[in-house]
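So, here come the structures, one by one.
Next come two complexes, and both contain chain A; in the first it sits with chain B, in the second with chain C.
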Partner chain A sequence: MARLIRTEKEVEGRFEEVWLVVEEDPLEQWPAGPLAVVGRPAPRKDAAERVRGQARYTADVRLPGMLHAAVLRSPYAHARVRRIDLAPALALPGVRGALGPGEAHELEEEAGFQGAPVAAVAADTFAQARAALDAIDVEWEELEAVLDPEEAVRRALFTGEPRRHERGDVDRALAEADVVVEATYRTQTVLHNSLETHQATCEWVGDTLHVYISTQFIWGVREEIAEALALPQDKVRVVCEFMGGGFGSKNSPDEYTFVAAELAKRTGRPVRCALTRREEHTSAGNRNSTIQRLRVGARSDGTIVALEGEFTNSVGWSGWNSSTEGPMRMLYACDNVRTVTYGARLNTPPMKAFRAPGFVEGTFGLECLVDELAAKLDLDPLELRRLNYAHSNEGTPFSSKNLEECYRLAESHWERRHALRARSDATWKRGVGMASQIWYGGGGPPSYAWARVGSDGRATIVTAMQDIGTGTRTAMAQIAAEELRLPLDRVEVSLGDSARGPYATLSAGSSTTPSMGPAVRAAAADAREQIEDLAEQRGLPRDAPVEEVVDLLEDAQIVGKGARGPNPTGMSVLTFGVHVVEVAVDVETGEVRVERVAAIHDVGRIVNPLGASSQVEGGIIQGVGHTLSEQRLLDPETGGILTTSLDAYRMPTIADVPEIVCEFVDRPDEHLTNLGAKGLGEPPIIPVAAAIANAIRDATGAEVRELPISREEMLRALREAEERAREREKRGAPAAV
Partner chain B sequence: MELLRPSSVEELDGGVFLHGGTEVVPLLREGLLRAETLVDVRGLVPRGVREGVIGAGTTLGELEVEPAIPAALREACRLAASPQLRNMSSLGGNLLQATRCWYWRLGYPCRLHGGDRCHARDGEHREHAILANGFCASAHPSDVAAALAALGARLRTTRRQLGVEELYRLPDEGDRRTTTLEPGELILEVELPPVEASAYLKAMDRKRWSFPQVGVAAARLADGSTRLALAGVAPIPWRLDGIEALEAATPLPRTEWKVPLARALVRRALAELG
Partner chain C sequence: MAELRLTVNGGEHVLDLPVGTSLAHVLREELGLTGTKIACNEGHCGACTVQVDGIPRLSCITLAHAVEGDVTTIEGLRDHPLVEAFVRCDAVQCGFCTPGQVVSAAALVAANAQPTREEIRHSMAGNICRCGTYPRIEEAVLTWQG
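On to the complex of A and B.
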């Protein structure tokens, strides 16, 4: 029965209260472990299409008569358009239309960062459109630019009110602690750099706008465009069949879509607006930099009694103040915790969600701090983590938590540290480090799916969700195949088009599998029940093979529908894990080699172990880049972005990828849904930076507290460690004599 | 824009020379280089290796597996760029690469572009020069040029013969160019003297496909002399008299780390010569 509920909805660590119609979730949990199809490795259903180049991504969409748009962007970090003349651009060959500030959503007169969109042109070719941008005559009024986050905090320039949390009495706990460790950690700005740049192609068909877009949220795009263009939502059709990566940066339509839609309207032609790689570096979002001033107080036995953090997120011109304090509040049992999180409003490009926003940065700080505490107390870092294990989330029970089991599985990797350290020589120092992971990833309603079974005994799952490259198509087919008791190759999944199928979740916050999977299972179960009823009427056993039951149906179909049920009330739904990393550091040249990463995750049931290990590998590789080599750099004087190409902005190459060992606890979350699966998109990147930094400390004694741990940071930390050692020797010397 | 394909050196008459295109094409695209006429010189520049002479049209991809050339050059080729780029890029073209200085690449009105200040000195300069950086702090990106400088290579162009070091000049107030190549002059061949041992070591931000933070080439020639040359430390490939010459380095606040790095690599490169 449909039920109206008021519930808390979580996306990327942000919560809001919403009204929802949910259906009950009466299906029993499947047994744990590998089943007939679910829990067994399945190669991607669309692998052949992808590797043959047949899969049609948004970047491949070419419509007859299509024009190409280019966007004029602010050369200044903060400026206002005093006067703009589009006429010289419109006079150029091939130019079909132009828009100034205010003529499309997100084209604005005030540019708050270098790269902010202010105008756009559509022409027969992209080269013509780009050339036309140069012809636009703009008179700029330069405004004061604020680039330093600490200055923004001092001047109270925030994107919202600072967020404060406090439980217990932190001051007293710190005063009474046996040891207090204090440190400042800094993380850099990094870029998503999806393989497919941000882009959309818009075409008006009658009074309906067709939007081909590289997106993580078909339904969100539909809603935002309908609102911006004052259209009924069903007059906007959004298509994304294959998608070349988003990592959180493609949750909403943004200027390129609004520009394409408006120019398509004015020219009567389809219009493509695709960001260039340079624009991808300047204007497509980022993981904001942070400054974290942290303190931990503990008893000499290792019990953490107080945690305190002041976090500054360099949010940029717009964006949101992500939960950098989240891990500090939730990862460990600690009665006294105080945090404040500032969102600095700067004249820099806006942040966008990037694979566990806030938690990646906050885990780097917290998990390094915990290891520094372990070093100070001379305790084993794994034991220290076990000692402070959280059995509830500030009193709220977990729907499931198997971090203890992750720690147990980590032991064999952790044990390797003795042998590994012994392999150090004068130049190469080796060490092992660990870090834990906590994150959301439970998903939630609403999400719907339909199941269609034909008389040939083949099934198609229909839902207007997107597969953002994570292998969702395959996972959904596995779930349906399991429930229908069909082999995987008899199940297809139709997705990627808002005109074909019901509402589906956004693919962000590690929510696709936990949100969609239960709806797909419910739809398949609905069909299955009908098939069993037919079997009974035909005098067949209820579990007779599907094709035998339906073979006389001819054109008739069995149609099932399913919905994602509600999340459990009064419970915290979270994901957990731990990484154990082995590094080698060349102490003369500062080279850091990440040699091995063992990743153990607790994300409930694993639907496709092959897809799951791909997610873990991808997260770790992205994490290695974040930790060692990637940084977006700004000119400190003008706020201009300096790293605008893939040679200046250094993502890891295949040669930088370590040996990766994936393990899963694979226990269904009995309280969450009929599937018991949580999401895995984000968890594997979260502990990478801290585990690498902790391994470096283990190998060299150097305190690396700033990302990226480039050679200059590594050499600085090594020199500092040497000086510390010399000081200690000097102080220690008289006593020894 | 027109593309010419002359069949002999005598036909050359202006234009921008194009060989592998891995540098010229991006520069054209970014508007840093302007050309009415592109001249495809692939038919004019010798390609291949014979008796100590290397055709300037030989690709880096060919040289990285060429047993007949000194280790330093082979290694400099192997550690440069990516396989795709090495398969396109020519030895001669590699010597003429422009700096990766982001201010220059983004068209800031810096000294190298004829302006009156070096933006990198006051700005973001973690990758920049530690030697001869008073006027312009850009760092020369060519691994191959450093290797050839250490190896004492000589170049034959359409107009003259010269030592590889004479190809380069430090930019100054009166002349902002970093090479001595005249308009219309084309590098044809590279000649190497006999070498007893050589090595090239390179520090990068990642393991592959990165310009040198510091590259060190060392060679012991048949005459018994030992020569060092560095990439990524000065606006041009930099000959170093010895490790002690690094004492004279003038790093910027955020390039200090390159000095101990260069020192460590020089020590190792010399040790590799045996």
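On to the complex of A and C.
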């Protein structure tokens, strides 16, 4: 039965109080551990389609008469269109339509960053559309560009009010601390670079707009387009069957969709608007750079008594101020914490959520700081973390937390450091580092699913969600198969179309499995109960095999429906983990090699251990890129983007991959839904950078405080460490490490 | 416009296209073979990899009229044992790079049926996977014969 509740809704670490209609979740959780299907490794149901190139992505959608759009973008970091003439473009061969500023949502006269969209053209071919852009006659008025985040903070140029948090008495605690460690950490701007670029193909069918889009949120796109175009939501159909990566950057429709929709309306033909790789580098979002000025105060036994942080997020022209302070607030038990987080509004490309936004950056700062504290107190970093273990989230109990168990499982990997260090030679120094992880990932209502069982004893789960490559189809099929007591190959999952199924959550914030899984189980349980009733009427035992019960259905179908129940009230639903990383550093050249990563995660019940391990590996590999090689460079004078191709922007290849060991605590969260599962998309990238930096300190004594750890940064940190050592020698103190 | 004769997956095609058209464009837009993906369109990522006479080629920067030899795309490799190996090893997440990975791997194992990890890493380093399925790809290529 539906019930109205007032609740906190969390997406990517952002909270809002909302009224929500939820349904009860009366099902008992399954017992812990592997079941018949759930908890057992299952190859992806759609793997063969994807591997064979048969899966139809948005990039593969071809509609009869389809035109191709291209977008004119600002060459300046900040400028205004003083005058624009589209006529020369419209006169070119193949050109069917053009839009200027104000003629489609997000095409604007004022361009706030290099790459901001201002006009668009549709033509028979993409080459014609691109050529037509050059013919558009634009007179620009260049405006002052603010590019330095610290200048923006000084001038109070913010995307919103600075976010402040304070508990306890930080000043007093710092004054009374036996030791205070202070450091500034910087993280760079990185790009999602999904291999399928941002794109949409729009077609008007009567008065309904069909939108084929590469998206992480079918229903969010539907709502935003309906609002922007003043359409009833049911007049917007959003389709995304297969999706070529998003990592947080594809939660909303954006200019390419609005351009395609408007040009489709004007031309009466379907229009495809796809970003090129180079546009992807300027205009499709990024993980914003940060500056983190941090302080920790502790007693000599290692008890942390104060934490203080000033965080600056270089948000860009638009976007939001992500929770870079989150780990500092939540990871350790500490009564005295003070943070301020500035969202600098700059004339740079807007940030977008990128796999644990804020927490990846904030964990780098905090977990390096904690290791610097451990070094200063000569304490074991693992013991220091155990000593400051948080047993509640600022007083709110955790629905479940098994970080202690993660630490226990980490011990054997941590122990390897003695043997590893002994393998160092004059050039290559080896060491081990660790970092903990905290993040959301509990998901929440609403989300719905239908379960359909036919006379052939096969079931289909219907829900209008998307599978962004995380293996959602498979995990949902496993849950339904378990509940229906069917083998996995008798369950299909139909998704990817708002016109064919009920509302489903976004695939972001590690929320897909914990939000959708319980709804799918509830739908399957509803169908199963109907089948059991039918069995009884046939004089069969209630648990008779499904195919035996339904064989006389003929055209009749059993249809079950299910909804995601509420999250536990008064509890913090969070994910936890720890990584132990082994590195080798060439002290002559500054080359850093990550050789081994052991990842232990606590995300409740594991539905598909095979897919879960793949998620962890993928997160770690992305984290290695973030730590060592990836950096979007921007000209500090002009605001121009300098890295616009995949040879300039260096992502990890197969040759860069370390040995990865992946372990799960795999204990259902007994308070969370009928499934007890949390999300896993984001946790594995969170501790990577800090664990690598801490391993580097272990290996060399050098303190890297800036990402990426380029050879320049590594050599700088090594020189600094040498100078420190020399000074200590001069003072007659024993050299460290 | 210039005549283009192309053998793709054993089939002959005669087309009339502007000189300068990329092989990837011909495959996807003229022949409807959308298994070949375009992710960067400038030869940096490997998603568009096809084989020409068994040698991996980046079709997005290969001029169609300059192709001398038989083209094999992912559509011509659908029954290759590597497909089963990729599925078994979970060597696919979003899947957008995967056809290119399989085409590269098929060329590798045709020349060297039992490549070492080092050889796989060397040969496959031109195929970027943003989801990070690399350990699985390595496993799939190591165990492709079952």
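To be clear about the criterion, the second predicted complex is superposed on the first by the 732 of 737 C-alpha atoms of A that agree within 3 Å, B and C clash if a C-alpha of one lies under 4 Å from a C-alpha of the other, contacts with A are read in each partner's own complex, and residues count from 1 in each chain.
Criterion: contacts are C-beta pairs under 8 Å (C-beta built on N, C-alpha and C of every residue); 3 or more make two chains touch, one makes a residue touch a chain.
All values reported here derive from a predicted model rather than from experimental measurement.
Trainee: In the superposed arrangement, does A:E712 touch chain B (first), chain C (second), both or neither?
Mentor: Only chain B; A:E712 stays clear of chain C.
Trainee: If we overlay the two complexes on their shared chain A, which of chain B and chain C does A:A655 touch? Say first, second, both or neither.
Mentor: both
Trainee: What is the contact status of A:S629 with respect to chain B (first) and chain C (second): first, second, both, or neither?
Mentor: A:S629: touches chain B, not chain C.
Trainee: For A:M243, select first, second, both or neither according to whether it touches chain B, chain C, the two together, or no partner.
Mentor: A:M243: touches chain C, not chain B.
Trainee: Does chain C touch more residues of chain A than chain B does, or is it the other way round?
Mentor: The larger set of chain A residues in touch belongs to C.
Trainee: State whether A:D647 touches chain B only (first), chain C only (second), both chains, or neither.
Mentor: Both partners, chain B and chain C.
Trainee: Between chain B and chain C, whom does A:F258 touch in the aligned arrangement: first, second, both, or neither?
Mentor: Neither partner.
Trainee: Which partner does A:T589 contact after superposing on A: first (chain B), second (chain C), both, neither?
Mentor: Once the two structures are laid over each other on A, A:T589 reaches chain B alone.
Trainee: Take the contacts of chain A with chain B and those with chain C, and give the residues found in both.
Mentor: On chain A, the residues that contact chain B in one structure and chain C in the other are 645, 647, 652-653, 655.
Trainee: Can you list the residues on chain A that touch chain B in the complex?
Mentor: Residues of chain A touching chain B: 588-591, 628-629, 633-637, 640, 642-645, 647-648, 650, 652-653, 655-656, 710-712, 715-716.
Trainee: Looking at the complex, which residues from chain B come into contact with chain A?
Mentor: Where chain B meets chain A, its residues are 82, 100, 102-103, 105-106, 108, 119, 122-124, 126, 203, 205-211, 213, 254, 257, 260-261, 264-265, 268.
Trainee: What residues on chain A touch chain C, complex-wise?
Mentor: By the definition above, chain A touches chain C via 43-44, 46-48, 50-57, 59-60, 62, 192-197, 242-245, 247, 276-277, 468-471, 610-611, 613-614, 617-622, 645-647, 651-655, 657, 660.
Trainee: Across the complex, what residues on chain C touch chain A?
Mentor: 28, 32, 34-42, 44-45, 47, 73-75, 78, 83, 86-88, 90-99, 102, 120-122, 124-138
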